[in-house]
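So that you can tell them apart, the chains are marked A, B, C, D, E and F in the order they are listed, and the count of residues begins at 1 in each.
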Amino acid sequence: MSVLHALVPAPVLSLMILGLWLALAPQITPGQFVLGAVVALAIPRLTAAFWPDRPRLARPLAALRLAGTVLADIVVANFAVARRVVGPLHRLHPAFVEVPLDLRDGFVATILGSIVSLTPGTVSIEIDRERWILFVHALDDTDPQQLVDTIKRRYEAPLREAFAC
Amino acid sequence: MELIVAAGIGLLTACGLYLVLRAETFSVVLGLTLLSYAVNLVLFASGRLVANAPPLLVEGVPRHTDPLPQALVLTAIVISFGMTAYLVALALRAKGESGRDGFDGGDPT
Amino acid sequence: MSHLAIIPILLPLAAGIACLALERAGLVAQRAVSLAAALMMMAVAALLLRHAGTGAIDVYALGNWPAPFGIVLVLDRLSALMVAVCAALALPALIYASGGTDALGRHFHALFQFQIAGLNGAFLTGDLFNLFVFFEVLLLASYGLLVHGNGRARANAGLAYVVLNLTGSALFLIALGLLYGTLGTLNMADMAHALARVPAADQALVRTAASLLVVVFALKAALFPLSFWLPSVYGAAVAPAAALFAIMTKVGVYALLRVSSASFAGAPVTADLLQPWLMPLAIATIVAGTLGALAARRLAVVVASLVVVSTGTLLAAIAASGIEAIAAALFYLVHSTLVAGGFFLLAGRIASARGEAGDGFRTGQTATRAVTLGAAYLVFALAISGVPPLSGFLAKLMILRSIQEAPFGPLAWTALLSSSLLPALVLARAASVFFWEAKPAPAATAEARLGLPALAMLTMLAASPLLVAFAAPVADYARATAMQLRSPAASEAVLGADPATARERRP
Amino acid sequence: MSVLIVLALMALLAGAALAPVAARFGRVRASQTAAAALIGALALLAPLAPGVLSGQVVVASWSWLPEWGLDLAFRFDGLSLLFALLILGIGLLIVLYASYYLPVADRMGRFLGLLLVFAAGMLGIVLSENILLLLVFWEITSVTSFLLIAYKYEAHDGRIAARMALAVTGGGGLAMLAGFLLLGHIAGSFELSDILARGAQIRAHPLYAPTLVLILLGAFTKSAQFPLHFWLPNAMAAPTPVSAYLHSATMVKAGVFLLARLHPALAGTELWFGLVSSVGAATFVYGAYVALLKHDFKGLLAYSTVSHLGLITLLFGLDTPLSVVAGVFHIINHAVFKASLFMAAGIIDHECGTRDMRRINGLFKYMPYTATLGIVAAGAMAGVPLLNGFLSKEMFFAEAIEHPHFGAHTWVLPVFATIAGTLSVAYSTRFIHDVFFNGEPINLPRSPHEPPRWMRFPVEILVLLCIAVGVAPQLSVGPLLDAAAGAALLGNLPAFKLSVWHGFNLPLVMSFVALAAGIVYYLNRRFLFELHERYLPDLQSPVAFERVYQAMTAAAARVMALVDSGAPRRYLAPLLVFAIALGLWAYWSAHPDGLALAGGAAGAPAGPLVQALALAGLAALAAGCLGVVACHRQRLLAIIFMSVVGLVVSMTFVLLSAPDLALTQISVEVVTIVVMLLALRFLPARAETAEPRGRRLRDMAIAGLAGGGVAALSYAMLTRPFETISNFYLANAVPGGGGANAVNVILVDFRGFDTLGEITVLAMAALGAHALVSGLRLAPYAGSAEREADRHPIMLAMLVRPLLPLALAVSLYILLRGHNLPGGGFIAGLVTSVALILQYIACGIDFGRARLPLDQPRLIAAGLAIAGATGLASWLFGAPFLTSAHGHVHLPLIGDVELASAMLFDLGVYLVVVGGTLLVLTELGALSRRELAAEGATREAATREPATQEPAPWN
Amino acid sequence: MLAVVVPVAVGLVVAAIALTLWRLLRGPGVMDRVLALDTLAINAIALVILFDILFGNAISFEAALLIAMMGFVGTAALCKFRLSGDVIE
Amino acid sequence: MLTEVLTSALVLIGAAFVLLGAVGLARLPDLFTRLHGPTKATTLGVGAMVVGSMIHFNAQGDGVSLRDLTIVLFLFITAPVSAHMIAKAALKERERAPQAEPPAQQDPSET
């Protein structure tokens, strides 16, 4: 394990890079694979300094599950937001919502913020790292507490599970 | 198509030159940037305007437009980027030396 | 495979890169590299002159791609001459700079070498777009050299110069685009062939494109009314930079000469593109430069104004356009470049020897080494004003003789002769201020020893007398160059006997 | 034998070079050296003299610039001999005199050096066979005379007088140059032998008149003819030996020498007669008139010189053979007596410490010997019998009587001659009476006494000569005069007799009338002085010259201020107007068939969809452009609008088959915006926002015209078919360049040299910017946003962390594939730079620098070196620079890999782009860390402070 | 089918661009314009993808990729400038 | 045929959402609500188009390529950052001018 860790210090990142490389390649040939692997091993090592306190993905499966949830949410919620955008504006109730966080990692909090921003109807405005609060702007928010709960349940909890934080 | 591109070139040139003739350095920088767009388009247009004919000798690309102007434009883009960067640095230096923006001497008021 | 033609570009380029790499190693190392490269350039220039002097035309196909498809360098008499002048100017300027000017800012030696590379590239290339690229190389280096040492005047002069030249570059590219878009080639020799075959329906377009190109060259050459920028800009630069700038306007003149005699003259569509207006504007340039010299309050600005005069003089000869006139122009070009360059160095010496008064026309302290400086001043002043027995007189004599029969000849004579007298009076007045009206210096200054700058300046001092001593060979070379420019030999060397290969009509 | 001519010149020049050296060993050594040079020159010429005296002409010629008419051709004939004797002989006396005259502390070596250069120039003039060579020597005398006049440069008037002399004689010299060129053109040769032989042809030529006028301008200025005489009296600021040599015996004689020299070629026309004789006559009378009025005796002598030069000119102008003889004779006589007078005057000046004749009186008592010498010489000047001046004046009077030109009015010339003679007598009398007699001296600084023996010696020699010629003319100068006048007349010497007594004839009467009238005139001088001082203010003083000069430079400065204010727009407007004008002219002067804007080509076969897209693009472009123009003072908005323009251009490239360009444009756009934003912190809008409406309209007109022109030309181009070379690239990219992306193959292979230049440009831009910014301290402008505590927004800071490795992977991919598909070193370099810059934006410069301690200049150097080395590698294979190689490499596990050397070149490009971009951006960014003042309060005040230099890190 | 659909889609995107430009010109705040600019970049990505489908080759893919990857840098820099008056410090 | 239908549908949906995003941008009342338009709808819009394009080209070619997904990858990383930065800057602007929305047309830093 430690040998492997020494060889591949950031396995997820390396996998992502390899995937990116192979996706970009016109054809997936053995040559491209080798080249991609070299790149995927080298770049994280070269850029390690730029990513201090790199969080470790403890449970990749949980992360994949979360990704599925988010993608589905994006599709579903998009239609809902579409209706609101073309609908009458006076029915909109935009609001700022504070989401208290349980996680304590800046990067993971940022991922949470991104998920919030990517899912329709909400945008992350700020992450307060002293009080660990995520500030969210909701396009049409009738029940703030429900929004907070949804975010914490659907996104924060799986994230904490995946990153073990 | 030709008329539209020519009009765009003319517009860029005119706006760019108008700004280049202003007194403030920053306007001049903006003007030169617009002018460089115009110039690049002229140079690009010298190979004529063709859609869907990239100069790539690969499968699935049956027609090829003139590659030479594209190479020239690429050179010109990079050069004009370097110039912009240099000009900005120079403008800052001039400001640092004279304590004000705009060109020394200026125009009689 | 002889690589002679490309050495003048690669050598300074390599030296510039080395200077960059040695930035941490300190100035001494950079000076050593830079001076060694400049010395080697002198040797290379001698080889080039010897080779081109046989009448041979070397075509160097970069990347081994034949013209007109690849870029070719053309080493003929003219380009060899220009490279040699550049080398002769660069070495003393570098020696001067190594006396301490180079420490006033960063990257002096790298920029200087790159500028030489740019100049030589512009002289040697046979490709119009490549000419643009080398123009940019030399311009960018010159921007850096112009503001070297910083200060308000330099920064402001730099802004004006950069903005003007950026606009000029834009114009160059527009002209290039239009020319390529009609003639379908970038090689200058090939362009001449294409120009000769332009159908009547395209002639207005081609002419206009060519005229825009001429405007660009006229800007570089500082032809009236595009000459106003020059005195204050050149006058602002540190002496060795200004010295090297003495050849920059000549690049414009060179380009104008090259395209007008090699490309434009042979084609009906462009044959009369310069004739109707070049001579009057050249005369106006002489007048403008003379006025500038009269108006100047500093020696360097006077010299810079005289650079404008030299442009006007050169272009007057080029406008007259006979073999004799071109030959005269080339002799004059060598003379005026070297003398103006040396004079810039001298102005720098005077400025540093006079303390606060600098090279301004106001009473200051007695210059240290006043006798040496005064003697050098006399030589440069005589040479630049065209007073016998120095080279300026010979050059002026040739120009006067060769433009006598040209249209506006009497006017040009008047302008030329006035441009000798009035600046001479200005220079006499300046000498009076510098050397005769001075107040004794408060105490002996550190400048008293003869350093590298003085050595450089004294080296340049030799140029004019040498040009007198070797007037006949130089004049013969100039004449042979003028004849070579007119002959189809260069075109044949570049393109072979049948230039119309491998082109096809594109939809 | 003829080489002796050159050797004589060389002897003088050698003396000039050695004299300053010898001066280190003492004044005497310097004088001896100079004297040796002069004697040497005389000795070298002596062997030629007998032949020349018998009418022979020695010509020696060496080639210099034969094709341009300038050769080292020399001529030694009677005229040359006469002048050579004057120049060298009097020169010798002057050297002797000067060694006593000049103060001990003075720069003797330099003085003698200059004097000998001058003598060489003078000798060159008289020895030249080639007229252009003559001109060379002519100008040498102008320059050395400038330096000699200003020899006592501590005196203000002396400096100005020197410049005045330079202005007049220099201008004349230039006119003469023009005249000589015309003369050579007419004669078909610049050799005197040819020119003198072709007089008839020259005089018949339509260009004869301008030629003559121009040459005479040269001669007249040099010989101080009215109204261009004024420099000469002012040149008396020079030390007396100089005045004696240059301004009496030699240089001023160069003009009349030229009249004599070119007489056979140019004389014999109405124009010659009219011009030369009238100018000479006017000078003669004017000089004589003013001479009397000068209180400074050197001024008196100077004006008398002007007058005598006028007389000589008049004699040549009268243009009879005998008048020419008289002119040549008077040249000799005047040189002798005037040189002696000047030297005597110098002694007096030396002894009295002043030259004001109102104070100097009665010197005969104090220095009788010198006074006697002076009186004799002045007598010669007045034309007293038995002295040399009398003889030539008699010849003039005789010529005046017999001259055929005045027809019925025969009395005009004799009367004029008598009046002029009267005036000469009057000023000569004044010199004698006012200096040597006339009571006692008043308030002299020193008490005068006789000078040292050898200082007087040169005067004695010359005065003896005056007497010798006056008493025995034929014996003393007869042969010389024959030879010299013979040369001026091409051997057609008239019959004349040199003797003291011609019988009691009309000229003699005139002489005595003039003598008597002159004395009477002198006695009534007071009345004249008053008249003169009241009505004829001194217009020719140095002050007046300086005033004219200053006015001229001030006028020039006013003109230049109109065109050159240092503002770029002042230079740009002419450029644009010139380009528009020339372009319009070129267009409309073309073949009439070519004037239609639209050409015959069908244009791009674009569907309606593409057309619609293009229109939409144009709309977006217009929004962007006009937005930039409208908001150019609200700079952040202008940048936003600029980005829109950039996006439209990028999309244009996408739509019109230029993927490489699109990629480049997209990446450059990002970097450009960042650069502009970095500058924005320090570049506030100008306070004075109101621009004159007229200027805005003018600029709009210029910009609109130019834009319209470029649009029209582009349209014209786009609608025309053309032949191009570029099929070659498409055909050879794969087989020849080993790449499927033709654009990239052009960039790194076909035209790789352009690219090498281009990365050099980029490198220099970055280095230049670096040099500009280093050490610069700026104040942020007052309105720029306050910095807040949270400088690094967390989501940005966190999300750029995974982005960096991913973007680097993309950029590597783009770099590697560029040879075959859109991409390459430029784009990859820009992507890498942007990815890195993003780190700086998100986390600050310290964060970035700590993690990537790049020496960007070195990175740039490495990139350039790699690109260059790739090019050089082809030399190893005997191929030209940048010749590429490519081929398949079989690697285990990986398989066939196509590699091209050009890809290595592209790596160099990549490194330069990364190094350059990072250098510029980090250096500009670092500016805000060096801000001048504490944030907030003192900002506005700080903007006035100049930039200060940090201790230079490279020292 | 694509022959009809793609032009329609292009039309929709062009309409989106028009609306975005309207916001860009209208403002009112600087940030509104920055937002419009950001949106314009995303519209451009859509347009590029449509071009590729329209022309039947995926040549312009990298253009879309680069806009997606780097388009936001301009936005981020503009915002950072608004936030703290400098971009890199 | 199926792929063509699928592609068409995805492309149309994508284009429609792109338009919707722009409508939101143009129509919604203030900056924070406008922010929702583009960052949401365009994400799905481009996402759908990318998938459509991928299906289209994979159906034409021989192998399977996922490269269009890289566009989505980067968009998903960067779009929230843009939104975050814009919102933060807008908030700051509101702080600076607490009484009202910042005066419209003019860049306040210029005054």
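Keep in mind that, in the parts below, a residue touches a chain if its C-beta (ideal position, glycine included) is under 8 Å from a C-beta of that chain, and two chains touch if they have at least 3 such contacts.
As the structure is a computational prediction, the values presented were derived from the model and not from experiment.
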| item | value |
| --- | --- |
| Higher-contact pair (C-beta pairs counted), D-E versus B-C | D-E |
| Most central chain, Cα average position | C |
| Of all other chains, the one whose Cα centre sits farthest from subunit E | D |
| Whole-Å gap separating subunit E and subunit F, where each centre is the average of the chain's CA atoms | 8 |
| Averaged-CA centre spacing for the pair subunit C and subunit A, given as whole angstrom | 62 |
| Whole-Å separation of chain centres (CA-atom averages), subunit A against subunit F | 17 |
| For subunit A paired with subunit E, centre-to-centre distance based on mean C-alpha positions, whole Å | 23 |
| Numbers and ranges of subunit E residues touching at least 2 other chains | 10, 17-18, 30, 34, 54, 56, 59, 65, 69, 71, 76, 78, 80, 82-83 |
| Touching two or more other chains - residue numbers and ranges from subunit D | 566-568, 570, 572, 576, 633, 635-637, 655, 659, 678, 680, 684-685, 710, 714, 717-718, 724-726, 729, 750-751, 754, 758, 761, 764-765, 768, 770, 772, 784-785, 788, 793, 795-796, 799, 802-803, 806, 810, 821-822, 924, 946-947 |
| Where subunit C touches two or more other chains at once, by residue number | 129, 133, 136, 140, 143, 147, 150, 152, 156, 159-160, 163, 167, 174, 177-178, 180-181, 186, 506 |
| Interchain contacts, given as pairs of chains that touch | A-D, A-F, B-C, B-D, B-E, C-D, D-E, D-F, E-F |
| Residues of subunit E touching subunit F in the complex | 1-2, 5-6, 8-10, 12-13, 15-20, 22-23, 27-32, 34-36, 38-39, 42-43, 45-46, 49-50, 52-53, 56, 58, 61, 64-65, 68-69, 71-72, 75-76, 78-80, 82-83 |
| Subunit E partner contacts - residues on subunit B that touch it in the complex | 51-52, 54, 56, 60-61 |
| Subunit A-facing residues of subunit D, complex | 794-795, 797-799, 801-802, 804-806, 808-810, 812-813, 816-817, 821, 839, 850-852, 891, 893-897 |
| Subunit A - residues contacting subunit D, complex | 13, 16-17, 20-21, 24-26, 29-31, 34-35, 39-40, 43-44, 46-47, 49-51, 54, 106-107, 109-110, 113-114, 124, 127, 129 |
| Subunit B residues touching subunit D - in the complex, by the definition given at the top | 1-30, 33-34, 37-38, 40-42, 44-58, 64-68, 70-75, 77-79, 81-86, 88-93, 95-109 |
